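To keep things simple, chains are lettered A, B, C and D as they appear, and every chain counts its residues starting from 1.
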């Protein structure tokens, strides 16, 4: 059996460890043959494949990024896209099935291809931890560690200058990174997309931390919206989504907090450093295990499913179960954390 | 209600985060009063208490060790020990219950005291991850990260000199740290207490890695025993347990591997650095959550139980469930990893 | 003799190690007495002092920030400012001299006070490494390590997406952090204030890196200006200095590079994380040694001077020697680095 | 001109950065041609060469170890050794000169070959910082950072258990790593080969730290000897040098300190982790600059010399100047540090 492997969507620490896990177990235990697919679904559409042997994956568990490259191509778009063309391309290269490592969009495409008869196995990838059907996804722990380390640093400079420090972390639709990094670093305010807050509520928490003699530390997901923010923007004839990409929500918050509380406030947008570099040990183990189990699933012919973490076990779930609704932060988990700064 | 908190047994990154979690939620949400108990059960026996307020726990989530101190004292030993004396001491200081943060031994004592009528709530602590009834315990992730980082370093020096490098990690009775760090760092041999191996089996794996052009990387739990090792020692009139404490199993293995394979071999005993320093983000979050839930359990009067992680939830389990058998590495988990180097 | 210690200006990893070094040697070797001055020159002006003993400085070598607090107050401003008032305040509290730990502005004030008869000793502090008369200043090595680590992370995500990644680092007037982090991380373009470049020159280097199959990595000092940038801004009726504070030069460069080269480009402004957190070992040693030698200089009455690093020695230099001109990157050092990407 | 590059002796973080610096500048600025020599002088003797182009050195500044491999072969030994044979081998492969990156032994061989007419340029490499004629050598800063980080960890576990913790670091003949890591981590005792101490002196410092409420932290170079230790060993008919290799001096000290002071004492031998892994930014910059200047020296024909750091400059010095005496820790530097714990 000859299997193609692709990584698609934003990159994520642990992708290479998954690839290594699949190839090592697939070749040594099951005598499968593998090809790498370049740049996600683009490589499928373009027939851009290369041999992937044990030699290519050595030492990869600690290497960030993906040796396969990635893109945001949709396999149903373009003249060579669509299930029929994909089936032809795979047949032409003698490829019997695909492992697609990716997030919501990638898995939705995989689901559709699968329903259209292409053998696809999924491995969930989301640095934001926004996929249902898996307790955690690799990359998330690394991102939380990087954000926590950054916030530890911001705290000392905040303390020295008696400033309010804001860290803006990843999370367009869900607040897991902010929630975990905020708990880990001891933030005094955690702002996540799932829980809108008003500027008054935020300033109240900032002031209370300051009154206790602390330099207020705020963590905010990039996708957080102030209560009434859309209204305020449209009142001014502005579009909140038209704000400069990197000049994120933290840069809207900082001057507002400073103005209202009188506490000097500085913001830092952590940005791309959260998704790069060597994965944490947790992510390397999780990614490797997902890869090993993906190899098992390949020989079992578990097409149309993805491997996932449940408790300490790796299980298989149908694509449909992972898709649709996002894995948002439950209110109860937010309130649990809020007890620390409430 | 006035509650005493103690930490007992070997220290572990995350202890301070638990303490902080209990005190923050206990004081702000529930208006509980807390005292710190110095040096584990010793402080209970000696009545060595001090007030523990929000002020004392500020900034603690990132601080390694325990501000309460720790010891290996058994509360049933000595002239002031025993449930009756403990009850009197607590009554004298107006203490209504105890939170005991500790491992197997600590929780066994807590269970016995609980059965003897002392209100005790448990929080599981084991860097080795050897407690049942919790998916993971805090400290373990930090230890795995430190061991993985050390093994990443050993690999580069092994590669430069074409040497076999051995890392000896913690784990007297269970091999979780070796298993996870070995998977994360891409070890070619993983030796754990649960799976005895002969020196021939180890050397075979070492040689195969070397034949593939790799510098063999071996991780061994301190509690690993070679097949037939006890016999070999007793034949020489030696006791394997009498070997120098820090000159551990890796120092027995290194010269044997070098002699049998002809590959220069070096060993490093990671030792105490695995249990010190700032906890990883994962451990800070887990420890904080256990502390927050312990505060809930206190007001619920859930004496005789401990808080624990199951999947992504914090639950309560009776002491009895956590004790007795150790949480060893299942053979299936070992074989999963062995597919990487088999 | 009773000595006041202050830290002034932006905070910097290593400040606490200096304080610890002065107090440990000053109290145990020389029996000096110390007071901490709160928030830089503000504390001098306001007479805001507190006792500083061996106990207060324990464990400080690894702690980021400053336990004394800091501000940007000028001791010659305000109703209680000026040399005469300062002299009175010090006399009132029995303070015989001041150690001022700070940068260009702080040392200029120290020099003026010194000329006006106030006994002041200086310790150079600049994270940007922009002070003459010392080979390196503490904080710089930590900042370079943080920036290098961030760029290592940006490289892996750049490689996965075949993107050009830009890291904006500190350095308003000098490019030392960009130069060193750029060399360390293997940047393909280094943009510093001392060496203006045109957007065409930058794009040429970016394209050449891309043509060699690399994901272009660019590091830019916050104070870098494009050749002709001021002109371009004024042509549009804009002021280059009015660009949003954190939306720095990298956010001007990114879209320009993407537009001109066709290579997707992302920028990250590292910001405040570069100045926070635990100092590197190099900075701890340098800061501690400066502190120890400052204690020697106090008993020698070396007022009007500052301690400084020359080669591997700590020496004393008059304030005047350190002030005036900034320690910019010599063209020859830039060309040395440019050989790596030229 | 065709140049061979070799790395010899123990590996060291930064070797790859030197190689990259030489090759990048040598090929792009000077159009030199390079070959890699495998495993140090062994590759010279055996004629084991391979082409080394810009492609081979990409991304190497952050990679630990050496892509060339290393050995402890002496080029004057064996049937194919000696200057005459080496000259023939180089001529046969058209190699015009050698860059030898190594320590005392390597440079001594380089000096002898150079005197025998072989064109050799040196780059100093010593993790112990024991070479004269260079202010610092690459690898040293990384080792000090690793040792400091380990000691920060040991401190927290020592504090929790009120234990004396001993860290044994590299340094057979000189104490630089112990001195710098000890200052950086705030050790209460620093034991180096240059300054013999008696067990009584050590215990006195340990007790004094303990009396001040601190958990005593001791750092000891592997080459430290107790006053009278050799005598004591020979009295027992033992040879101090016959003690087990990894069971080092710290394992002799720990039980003695515990017995004499009554303070529980634990030792950790850091071992090989100090020389592995990614170099610090300081070491990457230093190593890269040495490589760049080595390329300059090659075109200048500066055979018989080595590049070295003086202050902030890279200079050239004759081999003879670097050899002979070791760069030991001056008594004055030790006393400077001793003021912190005296």
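To be clear about the criterion, a contact is a pair of C-beta atoms (placed from the backbone, for glycine too) under 8 Å apart; a residue touches a chain by one contact, two chains touch by 3 or more.
To keep track of the chains, here are their UniProt names: A, B, C, D = ATP-dependent 6-phosphofructokinase.
In this text the structure is predicted, and so the values were computed from the model without any measurement.
The greatest centre-to-centre gap from chain D, using C-alpha centroids, is found for A.
Distance between chain centres (mean CA atoms), chain A to chain B: 30 Å.
Chain B and chain D have Cα centroids separated by 34 Å.
Residue positions 152, 155 of chain C each touch two or more of the other chains. Chain pairs that touch one another: A-B, A-C, B-D, C-D. If you check the complex, the residues on chain A that touch chain C are 7, 10-11, 13, 15, 63-66, 69-71, 146, 149-150, 152-162, 165, 244, 246-247, 251, 266-273, 275-277. Chain D makes touch with chain C in their complex at residues 20-21, 24-25, 28-29, 54, 58-59, 61-62, 135-136, 141, 144-145, 147-148, 152, 155, 180-181, 183-186, 212, 214, 278, 280-282, 284-285, 288-289, 292, 310-312, 336, 339-340, 342.
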